[in-house]
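Below, each structure is written out as structure tokens.
Here chain A shows up in two complexes: once beside chain B, once beside chain C.
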Partner chain A sequence: MAERPVPEEKRVFMTGNEVVAYAALAAGAEIMYGYPITPQNEIMHYWTRLAPRFGRGFLQTEDEISAGFATLGGVLAGRRAFTGTSGPGHILMQEPMAMAEMMRLPMVAVIQQRGGPSTGTVIYSQQEVTMTVSGGNGEGLRIVYSTARHQELYDYTIKAFNTAWRYRFPTFVLGDGYQAKMREILTIYPPGERGIEMVAGEPYLVGPGEPGTDRPPVHLRNTYNVEEELNATVMELIRAYQAAAPEIAEYQESGTGDAEVVVCSHGVVSRVVEEAVRELRGRGWKVGWFRPVTLRPLAESGLKAVAARAGRLLVVESAHGQFARLLKEVLYGSPAVLETMFKPGQGFTVEEIVARVKEVARGGRS
Partner chain B sequence: MEPVMPKCWRGESKPHKFCPGCGHGLVLKALGEAIDETGAMGRMVFGCDIGCSLLAWDLFNLDSVQTHHGRVIPVITGFKRANPQAIGIAYMGDGGGYSIGAQHLVSAAIRNERITVVLVNNTQYGMTGGQMAPTTLPGQKTETTPYGRDPLTTGAPLKGPEMVAAIAAPGAYVARGTMANPRRLRNMLGSALRNQMQEAGFSFVEVLSACPTNWRTGPTETWRFVEEIMTEYYPVGEIKVPLEQEV
Partner chain C sequence: MVTGSLKILLGGEGGQGVQSVAAVVAEAAYAEGNEVLYIPNFGVEQRGGVSIAFLQISDQPIAAPKFRYADVVVALSQRAVARTEQYVGLRTVFLHDSAVGGVEDLLAGRAARIIAIPALETCRRESDPKVFNMVIMGALLGQTDAVSLEGAKAAVRGKMGARFAKQPELRELNEWAIDRGMALVAARQ
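Coming up: the complex of A and B.
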């Protein structure tokens, strides 16, 4: 393709959904399969306007089950294929995700979380964490990037394609309605100019050669006959995932060196937390923040180290403990006190976090 | 003497995994012969659904993939959209195609997807132990209609090819074959594959087939059910032929 969707580095002012479409184009995504649901629709809207100019494909399917399975079909054909969804559509998409997990199919999905359960709101939440990291009838062998700002939506959408094809596990970019709809300044760039080499897709099926003559046929399955056979297969998947996990896990932290309270958050909530912590530190409070970028796999050693130093953690999330449960699993046995601030389906203000941190720092409980 | 098998069959996977008397073996033999005739094995992708059809996953010397119950159509659709040079075959049962995955069949037909769907109709869910399917005949006993299917409470049997023909685009090929006439079935499957290869449109072949295990029938009664009883409700023949290729 002569024309490039992002020919050069450029400052832009875009909604998050537009950012995702540009990032997917820049990453060399070849086809998107999708079904309308708010707040991810504009990923498709931008993609359908831009994709034909760059020889990329699109299919609007009959539902999210189909969008997910068609994405797997695209991946099996060796293409960088992706989809986007939210809320109830995300529930439906867990079925193809389970197949991707079992067969190590590198599908990429961008999730723009909306309020739940059920139809909930079309606006915002962090309530799709549990489903994203461990939905399906398996062991949660997925990679989940939780982004906080538009620059990250761009960076991590590109990265998601590489992570997926490098490690061959289904990979999610977990955004939310705020990020989807909000307009923000960021820099878009061709990945090559930042030294990012895109991992090539390769066909699982219908590769070169005549099956049965030039090469053995490829037979992929997800059904096993006996317990031992399934167990061996799943344990192999788990070992591969565990081996890759340390290379994949990412986190950010600030002020944790001397902090007595460390505020833990992920995604867009981290921005409010950063602001609150900056304000508190300015007034002399010994507070820091810790933010996993990957919710799965989690940066376990980073989190344990922070908990050991601070002794007191405050988990802030727009869900009722879905993120906190991930942390608790890692921190089991740690003497750190874990305080919480949960607002399912609702955003936070700096003021309320500042107030809660002071309460926690004084030893008060909710 | 070695039994005559289609060239695209994989010898190592024989004998096949289906129950004795099952129709799948005959259907897959006819499909294998039709595939042989295309001479395009290197472009084929064979997808199977879940249900008894999954047992065909390693039957061919073709690249193949097992999917989920009802989901082989979207997987093959996605594959074909991403690699238009491929020849996509979605192999499934009546429960997968007409019940849990009916939306995929309907939508693929409406969109005129250039894929070939082969749907085996044996009037019930075989793999799960013989429950009522959309194709179960009125009065027919199954595990979930132990007193016989009552159309007043469970609806009438679905005539899949007729439904697909009604919604499919002019380029589509739609037929109903039967395991009882393998030569005609092979011709229908050949037409269905050619229709895809010529990019004329969607192609769909339902095949009347036997499940003596769940029907609890002996050979004579099995064949009578397939040849006489099923065909009363499900007429065999081509229903939509875009390429003027009567078989």
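Coming up: the complex of A and C.
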């Protein structure tokens, strides 16, 4: 066996794409398939530089449709396989992702969101939320972790492999161009040293023995002839997803106990929101923040409880309501007032969020 | 190490070496025990676009990747002035190359200080324009307590180590440029 990619706990200063490559190596990912697109490219660059030293594989395919299907091929062979993409490439990859939902294949994909629609920018956005949680021609039977900082990018990339193989649904780490390109400090570690046991991959196909004689034949389907058969299959998938959802859903909150306004955000925007709320609380404002870590499944009970207490929510996102729509679906029927701050394709500063929260809080008092 | 936090914004034409300066200062600041967050920002162009770098150095963990006002703005080209002026506040020091004109008029009364450095001209006259960005970095170091001179030079060696080994005169040239930039900004104090 080759040397270990992350032999011990270590403080490092690196870009988010480099973090993902190290996390995938530490998680025991065996092969990456991909096609270049900014701002995801350096995941592939670092992976291709590091992977051969640790006996791991890489294949660049002709496009993202192929990269996604090749990832499914790796998974069918029982390998911890992953891919990474962004924007227009992410659109192309929806077909294999939908197949992963139908056949319950544990593909892992890291999405570094860029501006859209279309080619948009190569810089940053949170505009791939809808596509990540419910793209494809299905029911969104996916698991989506939205990270905010490099430490989480490392932690949740490792976790994504385990979640995927434990629950057998396609699993996403949703980052963005800021997280991809920025450099900050984090601690990398071998998962075993933190008590994280990696779930073993196992082949879907080519098991031991003769199919039909020694074992039942494997018959994986993504095509059905009659409506009733498809419906029964999809309902079974949905029931399995719903049963697993409470175990998977994660969220964080702070200051929500006495808050009159709770600021809701996800991903990198959360760190700006946290700082804005910290500043406001320091000056006596009754505000808090709520942040789903999983955008799908969403921590429904946590969100409902916060909405019931606060009465007024402010949703802040670098898209025009893609995240807010996820919250509204859960909050239907809640008397909580939902205010918004949308900046599609653009980042936030602490100052502008502070100003908007004050506006919303004053509105609440009048 | 810095006390409190320092927000630096660098802007220039793609290819002028803005991101290299930011990466070197970021690496040096990390090595000196600071919290650091550096984020490059540019469009799809390989050349001919304006390239921006947001760099924050602090004694506390850093929250937002971008900021409203910079403590120091460094602008290397005319177009970079237009892109960076929105980050200028009343406490901002605006450092620019003397070849860039109209800054005094544009920012009159809006910045704490405006400092013009003849970086490009000095490189042309005394050395080589390819170390223009290192002169600018020297000026930035002279203007702030972001990182030590030695720390910055060590970070340059770390980044350029292989090339310096092949061409030792490159190392001399780069270190001359950093020192020269510091001297130029000191002469403006």
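The definition used in the following text is that the second predicted complex is superposed on the first by the 360 of 366 C-alpha atoms of A that agree within 3 Å, B and C clash if a C-alpha of one lies under 4 Å from a C-alpha of the other, contacts with A are read in each partner's own complex, and residues count from 1 in each chain.
Rule of thumb we're sticking to: a residue touches a chain if its C-beta (ideal position, glycine included) is under 8 Å from a C-beta of that chain, and two chains touch if they have at least 3 such contacts.
Just so it is clear, the model here is predicted, and its values are computed rather than measured.
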| item | value |
| --- | --- |
| Superposition on chain A - do chain B and chain C clash or fit | fit |
| Following superposition on chain A: angle at chain A, chain B versus chain C, Cα, nearest 10° | 110 |
| First (chain B), second (chain C), both or neither touched by A:Ile65 | first |
| Partner chain(s) touched by A:Val268 [first = chain B, second = chain C, both, neither] | second |
| Partner chain in contact with A:Trp47 - chain B first, chain C second, else both or neither | neither |
| A:Thr121 touches, of chain B and chain C: first, second, both or neither? | second |
| A:Tyr22 touches, of chain B and chain C: first, second, both or neither? | neither |
| Partner chain in contact with A:Pro211 - chain B first, chain C second, else both or neither | first |
| Partner chain in contact with A:Glu95 - chain B first, chain C second, else both or neither | first |
| Least Cα gap, in Å, left between chain B and chain C after the two complexes are fitted on chain A | 26 |
| Chain B and chain C contact sites that coincide on chain A, given as residue numbers | none |
| Chain A-touching residues of chain B, taken from the complex the two chains share | 8, 10, 41-45, 50, 54, 57-58, 60-68, 71, 74-83, 86, 103-104, 106-107 |
| Parts of chain A lying in touch with chain C, wherever the complex brings them together | 13, 38, 119, 121-123, 178, 181-185, 268, 271-272, 274-275, 347-352 |
| List of chain A residues in touch with chain B within their complex | 30-31, 33, 57, 59, 61-63, 65-74, 76-79, 81, 95-96, 98-99, 103, 203-207, 209-213, 217-223 |
| Interface residues, chain C side, partner chain A - complex | 23, 26-27, 30, 35-44, 62-68 |
